[in-house]
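The following pair of complexes shares a single chain, chain A, combined with chain B in the former and chain C in the latter.
And then the complex of A and B:
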């Protein structure tokens, strides 16, 4: 049985992992998709559906953590224009 | 605790202020003023091909290719490490594992388009698929069928294959399109002859983004029992695609347009009713004899995962992209007049916005938009000097065709990028219009088309 605390912890870990992605577009997408993904499943009451969504979220967390490791192993040499501070 | 606070304030006051000191020297420089403002850390600007930009541009060219989705990347990594066997080796585990991976990908692709996995053939991309279908079908039926129908706005590979067929002696009808980019169904019906062997119409155009009336065309082809081929490279994963509803016999798909890897694509070949096709690549008979050659397992796996993702995320992405498209169009229209959308606005894929700006010269517009990675329908992106043939088929005037810009919005585009693109475009267009004597004349009310230019 998945409880509310576990779901919140999963959301927080996904957001924290996504924040480390070096590419601007993918980082923003990870943040938005995590929020929207949890928001869309907010009102699920059926236990099996909740379990399924939680398992899916855990799988995505593993994917993000693996991907972050590989992306950081090849750091980008230039910054995206959106990341530079404008003067 | 208090000492920590004291030390941190001391540390803060000792370190350099961010950025300000660095760029203060720049405002006195008399170097050529470019459209970009000076960014902090301008010493790290990128200089390539004679152009200096302060950072990587915003990517708004999703129709030419898309970045690799990290989930696809993850699946491909695992596959390239372990699935190195030849999927066609039947005798050992390595072959069986690779074959399993390919079959899983086949099921994923088939589910996206509503087909059976046995009808999917993997190859190197949509260009190869288009070539195989157009040339292969006509060569197979060359005794009875000598006529092909296609449109003027097709992708270059289809048009070039048709030209190749013309040189071999076949006849090709290039259907004109209406001004909104859609095919005229009556004209299609009229051009069908008893010896028509293939009708080829692309589902979503890569330059203007219009969605053709696929169900109606499919119905017409079914009536006359002609195989219907569609180049759906820009359509799969973006609009709902169903080979039964559209009644297509052949479909070309590409991996790198749906956040998958480059170098892989697929071809759908209908099995019921059976359509025959002469293969382009002869060899060991892989892929039902239609495309011989060892499959690139990791590319195929990546393509499969990309298709599965596209199916799951289609609705979510569509809502987001539609929202960004409206933001872009409204943002530009609020600040500028003389903005024309090329192609029908209703029957359109939201992620492709092709705009023409009146009274502005195309190449100078592109030169000023170096911080936005977009594509244009004008001469400077092609080797020859003529404007894009798609815009010409729409009946767009030469000067408007030259100033067209294609904004491609995708899954990873952010609102801030759209706002920045709007800001940069508006600024550049305003700057060019201010310098333009033609625009002054228009503002004074003179009609440009009726001017008698004096000859010296």
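And then the complex of A and C:
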């Protein structure tokens, strides 16, 4: 039985893993996609569906962690303009 | 220990001061900014923490900035859900360069708790 706390913790793990991505665009996408994914399934009540969604989330966490390792091997050489604090 | 930290922190100040006040500033100038035996300088002021936390909350798209006060509750007063709370807490982590463990982050559900946590955390910057 997956409870709300576990779901929130999975969401946070996905966000923290995505934060390590060196490329601005992919980092923002990871954040956006995490929230979209969790919000889409926010109102599920059927236990089996909740378990399935949670398992899918765990799989995606593995994907993000693998992708982070790959991207860290070849980080971008310049900062994206969106990352600069221009006043 | 606090004196050492205070001294080390002030030793780093001259580079910024030189840039701001012009490079003809004499080296003696920075010694005047060390306050001996003061252990309060190496931390953010409460007002600074309050302002920055409120800015983070106000810049969240689902939040009405007019409703944001230092005591406001994310879910009860601002009508957010738990995922929005997670998003706000992550944004606060990024603003203050902190890593808040899950157990503590679960408890933060209002501006006042967030401000208190950040203010009491030794690594906030």
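Please note the rule applied: the second predicted complex is superposed on the first by the 86 of 87 C-alpha atoms of A that agree within 3 Å, B and C clash if a C-alpha of one lies under 4 Å from a C-alpha of the other, contacts with A are read in each partner's own complex, and residues count from 1 in each chain.
Throughout what follows, a residue touches a chain if its C-beta (ideal position, glycine included) is under 8 Å from a C-beta of that chain, and two chains touch if they have at least 3 such contacts.
Note that the structure is a prediction, hence the values are computed from the model and not measured.
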{"item": "Contacts of A:25 with chain B and chain C, given as first, second, both or neither", "value": "first"}
{"item": "Residues of chain A touched, compared between chain B and chain C (which is higher)", "value": "B"}
{"item": "Touched partner set for A:83, first chain B, second chain C, both or neither", "value": "first"}
{"item": "Partner chain(s) touched by A:70 [first = chain B, second = chain C, both, neither]", "value": "first"}
{"item": "Touch list for chain B against partner chain A, complex", "value": "18-20, 23, 37-41, 44, 46, 53-59, 67, 70-71, 73-74, 77, 316, 371, 411-414, 416-417, 420"}
{"item": "Parts of chain C lying in touch with chain A, wherever the complex brings them together", "value": "81-83, 86-87, 90, 94, 102, 105-106"}
{"item": "Complex interface listing, chain A residues touching chain B", "value": "21, 23-26, 28-29, 33, 36, 60, 63-64, 66-67, 70-71, 76, 78-87"}
{"item": "Residues of chain A touching chain C in the complex", "value": "4-5, 8-9, 11-12, 15, 19, 35, 38-39, 42"}
